[in-house]
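Both complexes shown next keep subunit A, but they swap its partner, so subunit B is in the first and subunit C is in the second.
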Partner chain A sequence: MFKAVLSDSNVLKTSFEAISSIVDEVQMKADSDGLRLDALDRSHITFVHLELKSALFDVYSCDEPLKINVDTEELMKVLKRAKSDDVVELTVDEGNLILTFEDEARRTFKIRLIDIEYEAPSPPDLDYPSIFEIPFSLLKNSIQDIGIVSDKISLMVDEDKFIASAEGEFGDAKIEYLHGEKITENAKSVFSLEKIKEMLKADRFSDTAVLSLGNDMPLNLAMKMISDEGELSFLLAPRIESEE
Partner chain B sequence: MINGKTAYLKKLTSRMKMPSVDVGKELDGSTPPSVFIGSWNYPKVYAGPMIAPLSGDITIMDMPESWIPQDKSQEDIIGYRLNLVRGKQIVGIKDLENSFVEKLQDISLSENSIESEAEFSKKPRGSSFSDEHTPHGPSALIQKFDIESVKWDRELEKVFYDSDLKASDAVLDLNNKGIPFSNIQKAFSVGAMGVGKRRKLVPTRWSITACDSTIGERLLKTVRYHDVIDNYRVYEFASLNNYYAVMLLPSEWQYEWIEAFLHVLGKEELIFSDYENNTGKKGYSRVGGCYYTCKMAVLEALAREGKQAGAIVLREAYNGYVPLGVFNVRENVRNAMNQNYLEFEDMKTALSYISTKIKLPMENFVKQSDLLNELLQSRQTTLNNFIHK
Partner chain C sequence: MKFLSEKNPDSLRTFEIINEGLSKKSVIVIMACCSVTYEGRARSKLGSGDRMIIIKSDGSFMVHQDRNLEPVNWQPPKSQCKASLKDGVMYLEGSRRNPPERLEVEIKSTYMASYFNGEDSKGLELTGYEENMREMVFDNPKIIEEGFRPINREYSTPNGFIDILGKDIEGNLVVLELKSRRAGINAVKQLKKYMDCFSDHKEFVRGILVAPSVTDDASELLEEYKLEYISMVPPREFGTDKNLTLDFFGGSK
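Up next, the complex of A and B:
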């Protein structure tokens, strides 16, 4: 028997806003510790990891480990119907993931489970020289600022500042932020703006984002709930300048 | 720049003065079957049949799909087209329930050429060349028009009687069933498909792009699910004073169309381009209908193979080139995609191979392009690149 009740539907909604734009199909694993998901997009550019610990849920029970395979677009369609004060209940029956939203009425949706051969992707294990925190909204705004001039974004960190910048054909843009953290090594990598935008759709998961940067290394963007009961993180492969 | 290509092609087509067929006020002949809906004065447009003063099977005259496989020369094609006399009447696009439009629908759904008789208000004159539609011969207002009884294509007939089927779904169904593009487009343009009340006439040039982009978008939805190819590939094809090279990249879908017109008018060397990244394109392409038709042809081949790739398509049009409509691009690119491809380890060697086949230096193409230029400056890595470090 699997059952999970969450009084805040936003956690699921915001997570899957991002996940559904990155992968079409996904496998969620449920066990007594909670729900987790690891997925890699088809072109192997973005990796996403979601973990919702059992303590986050108002009610959580899972007798035996369970794999829930769903089409993320279908799941998102249903999640979009949830209002923010709805209580969400997740259960599974023969072949369906059942979502129930409850406020003055009880609304039940069944999503067909899909048959996929799913090999949980293993992301590269990376050592980052520079790890720091910034407000999520700052990151989101920076991306929108950069979008005016370019479709690539350079993310850079030195001992004082975090700098997002781009050079476009018709103009340049630069956003500087005093991070106030102890950074000993400068780091800089360039990313596709379009890909970062997909990750940043999860804008209600957490107020702060932890960025791990290196030189021409993947970006690690992690969002943790204050209570440590949930984590959503991404790994994004960089764009690398050609040698000549 | 946005109107640069339109202006150039206008100049090019306005110089096309070729003798078209000479017919009188009364014409006894056949329609291949073929219809033409103009876009001038929309939504009250000039619509009508195209008739040649010939009898027997003349389907080839309005079947661009057969021209390249049957090795027709540019002269053959122009000959077919300038023999087609365009009869026309002003018709409101929603005004489908009259015997004239019903005859046009009859023609569009026909399997075979149809014996036709027409009477014009005066002797048909002139000819029409355009970058988007296939050329045709003289035209005149049509006063009386009769056709023999018609045998309909079964698939088109089904779509015609299904007034709950959306036009876009009908286009896709017919395409999946292997109905030739030009037949689908003709039926689409005369309002022979779609949800009952929403049926209308669609100008020929718009209907071509509507069908190309409807099919292309649907193919793209499936292609996005496929695995990316392993290497760089080059497909090529040359015909009708054009050279086409399609370079497929081992990446998710992205697409650029770059075309050069070389010494077609005089000493000019003009390059036009447009592109989309993985999220697609907003608004109508600045290079016109060829953008969508080429995209459809490339996606068709990818869907058939069950693979995903990015595509950079280069085209050169040389002296002697006559704009024959976007079919030229569709059929050339389709033919390219049906040839064996050459495989390359990296983009540089793929491009240097293409360099040996084109007349302009590659750097001219790169300079004009957005996507190709970008790809040469930096490349998107994958997470696999970081796993063994």
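Up next, the complex of A and C:
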């Protein structure tokens, strides 16, 4: 039997805001440690990883490992109906994922499970020269600033600063932030703004984001809950000027 | 399983294969003798005949006859597709709630039923269009003329959007209308309409039609309206700016 109760519906809601814009279907794995999910978008550009440990839930039980395959759009439609002070309960019956929201009334939604043959993608194992922390809101604002001039964003880090910048046809934009961390190696990669925007829809997961950057390397964006009970992370392949 | 196909399945087996395909979010292809009815924004009815029925993973639903590029009946992506069996007869339905519409296929006999779960991570790359010409001009404004400077794209006027608005070396406003194929009088008229929007502009405004070639009557009309023409062939090369995939860095599925 699987049952998970969460008093804060925002964790699921904000995670799936991002996940549903990246992948159409997803497999969640539940076992006694908690819930986890690994997914790769159709174009193989973005990888997303979500982990919610059993300790995060108010009630959590899972007797045997379980795979829950769902259409992310259907799940998001239901999660959108959750109010922030609703208690959310997840259970599974024959062929359905059941979500219950409880406040003054008990509202139950059933989402049909899908029968996809799903091989969990494994992300590339990368060594990053530069890893640092920035406020999530700074990242989100930078993306909006850059959006005025371009659909690409260059992310750069040096000893002192984290710099987000773009050159557009009619103007440039640059955001500089003193990161106050020990960075010994400069790094710079360029990314699609649209793809970053998808990841940043998860804007209520954590106040800080840990960025790992390299030169023409994928961006690793990780958000951890303070108590270490949950993690949402993304890997995004860079854009490059190819020689072909 | 990536692919399953069966010849001459009976209606129960066809029903099973379609349901399996639907729950796996597969691309389903059925060759069958069927009749089709549609009800929604209008109504349509297609008598019995041999057809190919395709349901894609995104809910696109098409019925193809043995001719024409376009399906004879179809429902767009995100339609709800459902199979049912009534008194031994197999029905396939694609419906939407908004707008309310419903396509129903009655399958009389099936010649082939299949489903397929392929992997396809690539999108189409296109070149040779006005958009590619526009990028070429922005990257290298000199190809219009020495000193040309683009200042706006998709500039909005009451008569539509100007492809590129720029200034020449003397500071005159220049309106560029781009065409990727041989331009006729309609292209010239379109440019003239944009020029009319600047009729109360104090300084002189130039209008240039940019195309691989122009027809004779278009050439005469350009002269009459005192507009210019620059010959330019749209680029055929693909862009060099690419988004890498995670596979490139050793990710796997």
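Definition applied: the second predicted complex is superposed on the first by the 242 of 244 C-alpha atoms of A that agree within 3 Å, B and C clash if a C-alpha of one lies under 4 Å from a C-alpha of the other, contacts with A are read in each partner's own complex, and residues count from 1 in each chain.
In this section, a contact is a pair of C-beta atoms (placed from the backbone, for glycine too) under 8 Å apart; a residue touches a chain by one contact, two chains touch by 3 or more.
Note that the structure is predicted; figures quoted are calculated from it, not measured.
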{"item": "Clash-or-fit label for the pair subunit B, subunit C on subunit A", "value": "clash"}
{"item": "Which superposed partner A:S192 touches (first subunit B, second subunit C, both, neither)", "value": "both"}
{"item": "Chain touching more of subunit A, residue-wise (subunit B, subunit C)", "value": "C"}
{"item": "Which of subunit B and subunit C A:I148 touches, first, second, both or neither", "value": "neither"}
{"item": "Subunit B versus subunit C as contact partner of A:F47, first or second or both or neither", "value": "both"}
{"item": "Subunit B versus subunit C as contact partner of A:V59, first or second or both or neither", "value": "neither"}
{"item": "Touched partner set for A:A237, first subunit B, second subunit C, both or neither", "value": "both"}
{"item": "Residues of subunit A contacting subunit B in one complex and subunit C in the other", "value": "24, 40, 42-47, 123-124, 126, 152, 192, 217-218, 235, 237-242"}
{"item": "Partner subunit A, residues of subunit B touching it in the complex", "value": "224-225, 227-228, 251-252, 277-279, 308, 376-387, 389"}
{"item": "In the complex, subunit A residues that touch subunit B", "value": "24, 40, 42-47, 123-124, 126, 151-152, 190, 192, 194, 217-218, 235, 237-242"}
{"item": "Interface residues, subunit A side, partner subunit C - complex", "value": "24-25, 40, 42-47, 114-117, 119, 121-126, 152, 169-170, 192, 195, 217-218, 235, 237-244"}
{"item": "Residue ranges of subunit C in contact with subunit A within the complex", "value": "1, 20, 23-25, 58, 117, 120-123, 138, 150-153, 238, 240-253"}
